[in-house]
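Have a look at the structure that comes next, please.
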Amino acid sequence: MKNSAILLVSCPDAKGEVASIADFVYRHGGNILHADEHADQESGLFLMRVEFDPKDFDIDLSAVDPTQFNPAQAVHPGSARTGLSEFAKHFDPIAEKFQMTWRLAVSSHRQRMIIFVSKYDHCLVDLLYRHQSGELACDIPLIISNHPDNQPIADFYKIPYAVVSVRKDNKRDSEARIQSLIDQHRPDFLVLARYMQILSNEFVNRYPQRIINIHHGLLPAFIGARPYHRAFERGVKLIGATSHYVTEVLDDGPIIEQDVVRVSHRDTVEDLIRKGRDLEKMVLSRAVRWHIENRILLYGNKTVVF
Amino acid sequence: MKNSAILLVSCPDAKGEVASIADFVYRHGGNILHADEHADQESGLFLMRVEFDPKDFDIDLSAVDPTQFNPAQAVHPGSARTGLSEFAKHFDPIAEKFQMTWRLAVSSHRQRMIIFVSKYDHCLVDLLYRHQSGELACDIPLIISNHPDNQPIADFYKIPYAVVSVRKDNKRDSEARIQSLIDQHRPDFLVLARYMQILSNEFVNRYPQRIINIHHGLLPAFIGARPYHRAFERGVKLIGATSHYVTEVLDDGPIIEQDVVRVSHRDTVEDLIRKGRDLEKMVLSRAVRWHIENRILLYGNKTVVF
Amino acid sequence: MKNSAILLVSCPDAKGEVASIADFVYRHGGNILHADEHADQESGLFLMRVEFDPKDFDIDLSAVDPTQFNPAQAVHPGSARTGLSEFAKHFDPIAEKFQMTWRLAVSSHRQRMIIFVSKYDHCLVDLLYRHQSGELACDIPLIISNHPDNQPIADFYKIPYAVVSVRKDNKRDSEARIQSLIDQHRPDFLVLARYMQILSNEFVNRYPQRIINIHHGLLPAFIGARPYHRAFERGVKLIGATSHYVTEVLDDGPIIEQDVVRVSHRDTVEDLIRKGRDLEKMVLSRAVRWHIENRILLYGNKTVVF
Amino acid sequence: MKNSAILLVSCPDAKGEVASIADFVYRHGGNILHADEHADQESGLFLMRVEFDPKDFDIDLSAVDPTQFNPAQAVHPGSARTGLSEFAKHFDPIAEKFQMTWRLAVSSHRQRMIIFVSKYDHCLVDLLYRHQSGELACDIPLIISNHPDNQPIADFYKIPYAVVSVRKDNKRDSEARIQSLIDQHRPDFLVLARYMQILSNEFVNRYPQRIINIHHGLLPAFIGARPYHRAFERGVKLIGATSHYVTEVLDDGPIIEQDVVRVSHRDTVEDLIRKGRDLEKMVLSRAVRWHIENRILLYGNKTVVF
């Protein structure tokens, strides 16, 4: 893959923003590979993603270090992140003029993803295969599970696998153990690949727009448990899956991707579950890839996928 | 279109049902064109649709008169409908043995459909065009609307158009007027083609599995008003439409057909409404065609579409 | 709809193009509403579409007159079109520096579309309805047909309808008559809505990227006649439709849009034709809308739809 | 999974066929679980699939041995297969009366599938995972490859893996070696999971309706090599994959399943290949599952999938 730098910007809509950003990249020797922008008329918000070739870029990007998992900095990473100081020093005048929240990523840095899984293995197996085949350009320092069952596939792909059992009476301890593993492996983001445990609000709030979940229903329909059973009972003609960022409210976070498949009276609940597995794999893997490629911007409780 | 007779059966699952029905048709000289059956393991229900060529059938079917809009007979039409007496006389031994609820339709009889519409005209225009082009093999004795706006397109297709205005203070009178129009035009079923008025439970209960509605959301998501606006606010990546039979509970009747279309951050609410119009037309017209072709059987609150 | 100006650009890929264009719009007081660009790595081509609010734009755009159907100017409209002189005068330095081919459109100008149709009326009826309902923001000065059959629907929508019969022995005369109607009604583009006559190469070459056709097959499969029959014979599980710009080579022009629908052994050729009608309507109407909104750019024999 | 017996029948269309088959199953104590039939009006062909519960069936089915890979018997398996003699003895009068070609399968017998693969591993990995998770109720006695690369994943799933290298100068020997492996492992059918070698006509003809291939194009478009590259060059808006039975003519056998995915100008050839991998996995695995479930009947060069 070609080396590239990606600048993500969101700010109040105003004249001259595209010009200022494009001119900045050009003045410093960058060649724009892709540029996407969206002006949300209702909210008056401007969002932009610029991917440029940094080969001749005259600002040193080597210190850019997105492996630091600091969500406070992630939201307003500009001035705060010392690693970005060179770029930030140059870009700050524009950022301040337009009240921009921005983030810079370089593709040469491979993001670090920790996968959470329980017993259902289809999403895990799918992510590991895509990772190995080069579809997901990230590193996987660790898999965390509340069951030992999926150790063999982790071993096959040579990914460390930690079992953190969760019982009603040890939830607090389990999460502390998980937190310690995260602190140790410094992931950029977490993926819940059919992880069947609820994470505390405290934990979730520590990683805004950093935890990707797959829900086996077409949200906002069938929030919560046993969505395929409930879809079967309602007699729907399509079932769906939804990948979203996790927030405090169950299944309510910003939706990244959704897809559906047709079902009929010939399909039992087991058929729905089987068809759903393919949906879940596809939908989750797309969301993960877009996240890795820094394509997703939030506004309100919604996503823009550039 | 070829002439055909369609026998619809539902009963508790038991051995010998397919054989008994197929043998009955064969013994009386009918040639089976299509046969579909479904045994629902969970509920222990058996459902079957047999379409046969009645050319050499030795039971007189000429008295079969499904234009009678008698819902009580529609549900258990067997012995009650005098028009079916010849067929019923012969089929009743089988029906009694297996506790069958059944219905017979002949394609030579064109069903009568009354369309209800308000101001939004896309579903109406679509149904009228499909009707005229031969896609919907039914008669349309009347269009009923609470607004005069769609009179011109009704005139173009030479379909009578009755305006029954509905205000808060005349709901009861309006429904009486509608009832009188129905009694006069004797439809087999009613289609709510984006009709924006709520019909009373009393009215709805008079026509079980006889009123087809189109809802502009992917039920059970976005029940009720303004589904596209709520889909937009939730940031979904797919919007849908649902056609269902109307029951007492709002947007809760048996689902006949659903479909979706992809949307993105580039789509405004207006774009959702525009894309949704195409969905609604497609989904409603399929449901209407299947109803006309006697393909839909109910079990519980679900449909089988053979 | 909001007033907007759309600048379409294609040129060899080079540094600074996005910046130059964005800066140009900004310097002259335009507010960018949408910007899309694509750099085709293989061909080294850069394509861009910028939509901006011209309210405070300080260059007079009132003379922009895209109703002139001059294909030579359409391809390199810059300096040649006197109507664009004010804008061109200012933009030419940038255009020359980057060897840009460009075109400017203003949404306040409604494009003029002539529809060609034969006997099959589904695409015509669909386009006329969408036009009347405001989905297609264009004018329709004329419908041309080789049959009188569709006069009534044209009358209903109050669109002039000219019958130009085509027989083997009068092809040249017919085309001359068509040319004369075009010269008289000055359309911006032509739509072949299941027009069953072949237009001469001479005619086609006069309107590059100005004639939109709908083919009832998923090109490049089933080029030529009776695609549904051939799809049926081959036993495909999906049928498709393709909208493309017309070129000299049959069904070989740049593809604008395609879509498919699932078929099975239960579908006869007549069912394929019926299902195909919905496909054709959807696919053609999308292509026409995108053309009207100036979203389509050509490169080689392919399209970019921004 | 429930035990079941499946009777597949094809014959000239005639009155009384459904009744005769259903009555036969009933008389012998079988309970029909699913029945599907199709009368192809054009060819005058009748096709039927009856799945019944053999628990109380009074004909001994234990000798039914579909593992014998004898294609001549597969086509007219009735009287020829000694293993079927008990059933055949009873069913032959009906079969002869209606000139039926028929086949009986029992779900208790797990079919044996040999997978052929080259270097691309996505379809192999997918099939092995689905097999292990219980989605594909068959045995896999062997994987055959012309490269050693995929040995590790075969080892992980504990499936024997044979490397049969194929060079220009040893094609005949390679095929003899493959034939010997087949004779030894007695598969019911073969799956070409992106196997990049051409099998001889002689070999192919030995296994009619027994070799399933996946082609990475939407047949009949893009027959032959490099379909994604050619799709990219043509500028299509949808790419597809096709699973079909292999016949003598390249990519011309009866189509079992097809599916598509949307592409745009933003997709490079590499993106098409990536998106195509998911298509290929889905389409091939569906075809394999239907084959295993004895759902596929041939007529002419087409399939019915019940």
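The first chain written gets the first letter, and so on, giving A, B, C and D; residue counts start at 1 in each chain.
Keep this in mind: contacts are C-beta pairs under 8 Å (C-beta built on N, C-alpha and C of every residue); 3 or more make two chains touch, one makes a residue touch a chain.
This one's a predicted model, so the numbers in the text were calculated from it and none came from an experiment.
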{"item": "Chain whose Cα centroid lies at the greatest distance from that of subunit C", "value": "D"}
{"item": "Selected interface, A-B versus B-D, where C-beta contact pairs are more numerous", "value": "A-B"}
{"item": "Centroid distance [mean C-alpha coordinates] between subunit D and subunit B, Å", "value": "38"}
{"item": "Centre-to-centre distance between subunit B and subunit A (centres being mean Cα positions), rounded to whole Å", "value": "44"}
{"item": "Numbers and ranges of subunit B residues touching at least 2 other chains", "value": "38, 266"}
{"item": "Subunit B-touching residues of subunit A, taken from the complex the two chains share", "value": "38, 40-41, 218-222, 234-238, 240, 254-260, 264-266, 268, 300-305"}
{"item": "Residues of subunit A defined as touching subunit C within the complex", "value": "15-19, 22-23, 25-27, 29-39"}
{"item": "For the subunit D and subunit A complex, residues of the former touching the latter", "value": "121-122, 125, 129, 133, 135, 152-153, 156, 274, 278, 282"}
